[in-house]
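One chain, chain A, links the two complexes that follow: it is found with chain B in the first and with chain C in the second.
On to the complex of A and B.
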């Protein structure tokens, strides 16, 4: 009796199911289409930003080759190297800052704790650009806006304030039972040992999450990099390079290369993202609980 | 002996000679009570502070009221037979130095209080024959009971120098005449609330622009936040349905768009929606339209386009975030609703939505704040345009993008600073009101 009931689906239900799947298929096409389009464009043989057909007429690998060999106008390999150096150093510094602050706020109890969290909340309400110009002036006063010092300036700016982004990591640390720490302390661990030998190994997901987010940041920021680099083409990061390729003077020659560059930086970021997606979800649901 | 609180004031009143002496010669009390290195460090810091004040701090503070008024001049040099330029004052540098000096003074006062209290504490410890910790012991404690000091110091210094000081500097600019208007880029003065009045005055040109930008910013933030939220939730529920097949595939399709860096997708969208871009070409080739659609040329079209593209960007994030929470809704609630004969729509509005709103209010506030400050979407899509001739703000500019244009493009720094402060005020008001009215604040156990 039970099995027969299960197998029989009413026609109305079947129609609903069909419509749902149709809807999901349509939406998926809408969501995937721009990405497919950019991949196709990156292999397009015709030059220029605008073509009279939606799909390319001919396919070629030249755009990728030009991107990595043409160093005269927009030196993409150099930009790539710049961004890589900046992001590796930032990644180390920011990860250290974020995890330190998050751990201290989650595990230690001290007078300044609540104040710090309130200040962080208030600072978060100011638009980021408010301080951008002033940061530029401060870096200028330090002599970090000329020549290769720009790189140091960018590293400082990307990592200096990262301590304020502690919420997700703190939410994660909050979920680790305190009794583990207490047991370790009874066994003679210092707080430092608890942090490095006990909490860190238990927090692999959030460490990976923090490392990846801080590694990605310099690849996708073009606003501050643009303000700091100005016309200093030697110090450009990938994001400014891609942005420049779409400006009037370059767009005809470089549009398809832009697509190629976009695909190239998207692939590693996409892989990182798909890999860390579940940590992202865990971090979010942790933060919501608190 | 009566227990006294360890404060700087008590240290002055009841401290011994060494403690009181450290009010002038900082660190002397700490050295006298047995912590040589710490005391020396404090003393050196005081010496550095005094040197700084003598060398530049005092002369800098003297310029604070006027912000400098020597203009750069051409002087005829007889011997070389050429005009030479003398360096005039640069008000912007003077202002920056002053902000830094004020922070240094504040830091010094804090150090003074801390060392007074510490000296007094050491003195009391000695009087009660307690053990005064030695340097190695103190260092050991930095990795144990005082670990938070070790962990927080460097990040805090970073935030102070590259977030708090710049913020104060920018706020102080709002009260000056630092602007390209009337050539006040080198020399400028304090001019009180002039710019604030200008921005809030409905009659003036700037005032009109401000109110229209503010209106659009709020409309945008409401639409962007709630449409993303509702549609994302509905999609997540549809994917989660028991009968839906290939769940992983659908989720992958949506999540793929997050994996591509946002600025790349936004630039692609901008190009695709140009008059001769891919979308118009596609529609024309299909014969659906005869002339290109004005996605960015017309203010209303631009606003709709931005909100819709933002749905494309935002819905996948909502799907990611709410999927887990949706599965946490107690099944009995749905069961009861079904028994009572509620349809899917009724169930959504009476059970799912209230539950989700209750749990995710903090997330909603964060995303609302994020949308008000959503620079990338507007700047890369419409760049704030279309713009009326003579205006600095376009029809689709948000407060942040206007702030960017005013400071970076126009160099109206004072006006930009005022807009920044206004944004902060709007955000604070919205956050406080929503938070206080939210279910999770008023009744924490509604769904427990």
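On to the complex of A and C.
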């Protein structure tokens, strides 16, 4: 049996398989290496940015402890809390905005709908930071650039335009047959109940996707946070904090802590993903003939 | 449980050419829009007239079938009754209540969709309970109705399954169940069987007839299949291009079609159409000349024509394949050649070519002598005098109804 099986794969095929796997192995090493390196660095005992070895000479948890206890120069716990609050609020708001816009555009017919979608598409072509300075002045005029109001400013910046990212969710809603909505309307649903009782449960994958992207975007954003916080160390988000650790006055003392911080900030994302992926279930099958 | 009355109901879809005006119609079929053009729907300044001047009084507990080719406005009419489409003009009453502006859920109707439209994230039981929960029905009442409906439809074993674990026929039963648990005054069905395979369709058709005996309610049923229409309906409404052609019992529309369209639409195989001439043999008697044959319609048909003072004219003569006989009548025989012979078991369908035009005859198998009706054989036939339909070739109207 076994000889027959082996013979079935021709030598050329084996060579191709070998080359393909070699390529994949190389790529995976290239991708995983930086992650391994940053995790290793975060446990490194010796200080400083530059070492002559890939593997640390000694291992320690001090970097993590220092990150959360040493508040003399950089208050990492505060930054972490700031970012978490902002991200969670933005996540809820953005998800709501994105899904409502997508649902309205997918299900309702109104004048200006097509035009609106085209405008949204064109606006989406421009990077957000083009309007950075304008946004700063607008928020300044609203008094949201000083003190703890910066957080509100950041929440507004992150969630206000999120509705423009409706395309993917709309594409998903479009695949839910209209007749299910109509059946629900006849069964006695209001439009809102159709959305919450029918469309939402059927759209779990896309809701999860939206929640994740809505959380991650503010969580890792640097540029808007930098513009709005400027030197307000109280309001720093983790992205700014980590960047500051690499400034030349701190880098020797904080370099390994920077690595620890980088590992720490990936944890909420990982938790969110592990929690949410349970809901990636089969979507539409069984609803209609198909 | 209620009458449904439509008075001059009209539906106009505004032209959406400029892209700015709303276009509400979206039934899941992508080819919807070109249909407006393919079929000769009237177009006015306001837009495309999908349903024009629809008048119908549906009696309590009646089973009415709307039938017609695709794009004829039958589904649109049903959706207007359901409240899924706005009524452009006219009045719709359910019982004595004018419901033009009443929301679908308050119309006391239920609807079964062509593609079932079950809620895939709910079990069968939850699907059936859904309308009752929304109506805040007490728990015991809800259980009673759900179990009863499941019993009637034979879906009790599947109550805890999700729709995806059901076959097409079972899904359609669940869809019907969801409609009947509400005990609606009017039950609307939009081509409920057209997604099923042929065998299942016949079976479900019989079940709908049984269902109707069990639940006493008014049915409005949309189909494009004339067999379903004939077998299910107390009355049939035949539509074309947004206009009602004829309303009547299956017997009436079959025996007495009002125009060529109805004559051709109802009946399988289609009615044969011949070009002929209506002539008067004397002051009070008519005959139809087709080629050399002179065929006299039955006495009551003659009387009808006489009462309308019909002049001699060109006519389109319609005769159903089953009403063509091979019995010899002097001077009334039409000659043709057999093109194709289809053995159907109890009968044979003979396709006859008469000077290049085709017609179909149904002959009972028992009447055939072996080998006498092979392909290429000459054949003479005539019509049963009481089954001749005469249409005006210009207007398409039945001359007995003008």
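Simple rule for what comes next: the second predicted complex is superposed on the first by the 260 of 290 C-alpha atoms of A that agree within 3 Å, B and C clash if a C-alpha of one lies under 4 Å from a C-alpha of the other, contacts with A are read in each partner's own complex, and residues count from 1 in each chain.
In this section, a residue touches a chain if its C-beta (ideal position, glycine included) is under 8 Å from a C-beta of that chain, and two chains touch if they have at least 3 such contacts.
Note that the structure is a prediction, hence the values are computed from the model and not measured.
Asks: Check whether A:110 is in contact with chain B, with chain C, with both or with neither, and answer first, second, both or neither.
Replies: Both partners, chain B and chain C.
Asks: Chain A residues in contact: does chain B have more, or chain C?
Replies: B
Asks: Between chain B (first) and chain C (second), which does A:201 come into contact with in this model arrangement: first, second, both, or neither?
Replies: A:201: touches chain C, not chain B.
Asks: Is A:210 touching the first partner chain B, the second partner chain C, both, or neither of them?
Replies: neither
Asks: Tell me which partner A:270 touches in the superposition: chain B (first), chain C (second), both or neither.
Replies: A:270 contacts chain B only, not chain C.
Asks: Just to be sure I read the superposition right, which of the two partners does A:83 touch: chain B = first, chain C = second, or both, or neither?
Replies: neither
Asks: So, A:21: does it touch chain B (first), chain C (second), both, or neither?
Replies: In the superposition, A:21 contacts chain B only.
Asks: Could you look at A:178 and tell me whether it touches chain B, chain C, both or neither (first, second, both, neither)?
Replies: In the superposed model, A:178 contacts chain C only, not chain B.
Asks: Going by the contact definition given at the top, which residues of chain A touch chain B in one complex and chain C in the other?
Replies: 110, 112, 284-285, 287-288
Asks: Would you pull the chain B residues touching chain A in the complex into a rising list?
Replies: For chain B paired with chain A, touching residues are 92-93, 96, 140, 143-145, 147-148, 150-152, 154-156, 158-159, 161-167, 169-170, 235, 238-239, 241, 243-245, 249-250, 253-265, 267-269, 271-272, 274, 276-278, 281-282, 285, 312, 316, 320-321, 323-325, 359-360, 362-363, 369, 373, 375-376, 379, 399-400, 403-404, 407-408, 413, 416-417, 420, 423-424, 427-428, 431.
Asks: Can you list the chain A residues touching chain B in their complex?
Replies: The contact residues of chain A facing chain B are 13, 17, 20-21, 23-24, 27-28, 30-32, 34-35, 37-38, 49-54, 97, 100-101, 103-104, 108, 110, 112-113, 116, 119, 123-135, 137-138, 141, 156-157, 159-164, 190-192, 195, 216, 219-220, 222-223, 227, 239, 242-243, 246, 255, 258, 262, 265-266, 269-270, 273-274, 277, 280-281, 284-285, 287-288.
Asks: Which of the residues in chain C come into contact with chain A in the complex?
Replies: Interface residues on chain C, with respect to chain A: 19-24, 26-28, 82-84, 104-105, 109-111, 113-121, 130-131, 134-135, 162-166, 168, 171, 178, 182, 195.
Asks: For the complex, which residues does chain A have touching chain C?
Replies: Against chain C, chain A makes touches at 109-112, 114-115, 177-180, 182-189, 193, 198, 201-202, 282-290.
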